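Listed after this line are the structures, all set down as structure tokens.
In the two assemblies presented below, subunit A is common to both, partnered first by subunit B and then by subunit C.
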Partner chain A sequence: MIRLYAFVDGLRRLPDGLRVIRVEGLDAVVGEALNCDDQVQAALVHGRIIESLREHAEAVLPVRLGEDFADEAAVTAAVAPRADGLSGRLEDVRGCVEIGVRVVGEVSSSGDEPRDGAGYMRKRLEPFRLRNALEESLHAPLERRAKAARVAPFGAAPLILEASYLVSAGSVEDFADEAVELAAAWPRLSVTCTGPWAPYSFAEGED
Partner chain B sequence: MTALAAEDITLVDLVDRVLNKGVVLTGDVTLSVADVDLVYVGLRVLLASAGTLDRLERER
Partner chain C sequence: MRDDPVLTKLLGSTGDLDGVARRAGGSVNAFPSRIGADPETVERGLAQLVLTLVELLRQLMERQALRRMDEGVLTDDEIDRMGETFMKLAERMDELKAEFGLEDEDLNLQLGPLGSLL
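Our next item is the complex of A and B:
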């Protein structure tokens, strides 16, 4: 089986064991699919290959783990119908990396049980108020600094905000500095910033 | 935050991206790692880190 890793442009060095298939002007990086029982291990290998491509290419569009094909003809057949769209997306992420931000913490300011209906409603609204406040004071300024941003829908506490930002490779430090500065306004919450990653979250259109 | 905790967070973030994001061509990819579990593990790590930070702050 052949595994598809990424689409690239301006690749200066191809990591060992990989090869490039050109489909309608688009360079697809493939390699033998490794059989690995441990999915976390498989994910790490996949991630390391993509990060290596990011370091050696002008633009890289990561492919989700598990896109395996019988042969090169099958890769070509799967890529060709989307080659135009993927080329455009590859252009959008040229010279950019992804920075991830997660905000985790206790939502409620007090552990007291509400005494009446109004108190109950206020407590039920707390996560949404906190989320809105974070979107305004943390996410919005970071989004203005980024070329693009993706925010995960509000799931369950304690994960209050999870967002990814597409940032030009040269401004990662400035972006991280601003994230740290903005996070200082929320001492009760844990704000983590990870990256730079290849632009995984910007490889497909928004849902 | 200890170096180990930072590494764990990075691991969770990377695995989350590799399994849940990126270009999808065939659309029928099924993976045996539940992202819910991964996120859960990640949150425990993050919460532990926040607690560690608090303790360090108090001890200062």
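Our next item is the complex of A and C:
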């Protein structure tokens, strides 16, 4: 079995153990599929390979974990019908990386369990409003600075907001600085900015 | 934490870093899972998938109700009735999670190597 890791363009160095299959002008990076029962380890290996490709390519479009094929012909058969769309997406992320922003915190509200429906709704309203405020004051300015953005529809407490931004590789530091500056307005919350990542959240194109 | 890709990718942060580290550890454990075909685990796997979808719908409906409540278009009676419904649904979800040995973090659909549904 071989595993498909990513589509790339302008690859300067191929990490050990990988090879490139050319399908309709598109470079697909594959390697032997690791038989690993530990999904966390499998995910970390997958992530490291894609990050390594990001460091050595002008454009990289990550493929989700576990896309395994019997042989190169099977990869070609699967990729060929989608080659045009994939090439377009690869172009969209050229020269860009993904930056992640996560906001975590305890929302202060009465610790008492609500006794009735109205109490339940009042208790839920505060985190709802907090998230809306964060979307306006933190996410919106960062979205304007980014080439594209994705915000997770929900956050399970204590996660309040999680968003990904596609930014030019050359502007990572400036973007992170702005994120930290904006986060300073929320001293009770923990805001982290991570990256640069391969554009995982943007591999599927616009919704 | 040596292998944690989140901590080695930290560009900046504010607030409680210990809390961030705890969350980062959790994120690694939340990488994609699949439904096992083993008969002993398939029931739990299917329950996990179904409850995840129910949880998604519950959150969507609750969010919509909160939006309408925040806009002031719901009467007190409507708020109370909706809240009662969501509260009972949340309680029932807790019971089902306990029955199948699932935690909150299990009720999540991974949409990509680093993305998640909830």
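Basically, the second predicted complex is superposed on the first by the 189 of 207 C-alpha atoms of A that agree within 3 Å, B and C clash if a C-alpha of one lies under 4 Å from a C-alpha of the other, contacts with A are read in each partner's own complex, and residues count from 1 in each chain.
Criterion: contacts are C-beta pairs under 8 Å (C-beta built on N, C-alpha and C of every residue); 3 or more make two chains touch, one makes a residue touch a chain.
Fair warning: this is a prediction, and the values are worked out from it, not measured in the lab.
Legend: residue contacts after superposition of the two complexes on their common chain; A:E72 is shown touching neither subunit B nor subunit C.
With both structures placed on the common chain, the touch criterion links A:D177 to subunit C but leaves subunit B unconnected.
By the touch criterion stated above, A:D116 is placed in contact with subunit C alone, subunit B being left untouched. In the superposition on chain A, no contact is made by A:E135 with either subunit B or subunit C. In the overlay built on the shared chain, the residue A:L61 is in contact with subunit B alone; subunit C does not reach it. Look at A:F154: by the touch rule set out above, it reaches subunit C but stays clear of subunit B. When the two structures are aligned on the shared chain, A:D92 is found in touch with neither subunit B nor subunit C.
Once chain A of one complex is fitted onto chain A of the other, the partner contacts of A:D9 are absent, as it touches neither subunit B nor subunit C.
Taking subunit B and subunit C in turn and counting the residues of subunit A each one touches, the greater count comes from C.
In the superposed model, A:G105 lies in contact with both subunit B and subunit C.
Common to the subunit B and subunit C interfaces on subunit A are residues 39-40, 43-44, 46-47, 50, 62, 64-66, 100, 102, 104-105, 158-159, 189-190, 192, 194-195, 197, 200-201, 203-204. Partner subunit B is touched in their complex by these residues of subunit A: 4, 7, 39-40, 43-44, 46-47, 50, 61-67, 78-79, 82, 86, 98, 100, 102, 104-105, 158-159, 189-190, 192, 194-195, 197, 200-201, 203-204. The residues of subunit B lying in touch with subunit A in their complex are 9-11, 13-15, 17-26, 29-33, 39, 42-43, 46-47, 49-50, 53.
Subunit C makes touch with subunit A in their complex at residues 3, 5-6, 9-17, 19-20, 23, 28-29, 31-34, 56, 59-60, 62-63, 65-67, 69-70, 76, 79-87, 104-105, 108, 112-118.
The part of subunit A that touches subunit C in the complex is made up of residues 39-40, 42-44, 46-48, 50-51, 62, 64-66, 99-100, 102, 104-105, 114, 116-121, 124-125, 128-129, 132, 150, 152-156, 158-159, 164, 172-173, 176-177, 179-180, 183-184, 186-197, 200-201, 203-204.
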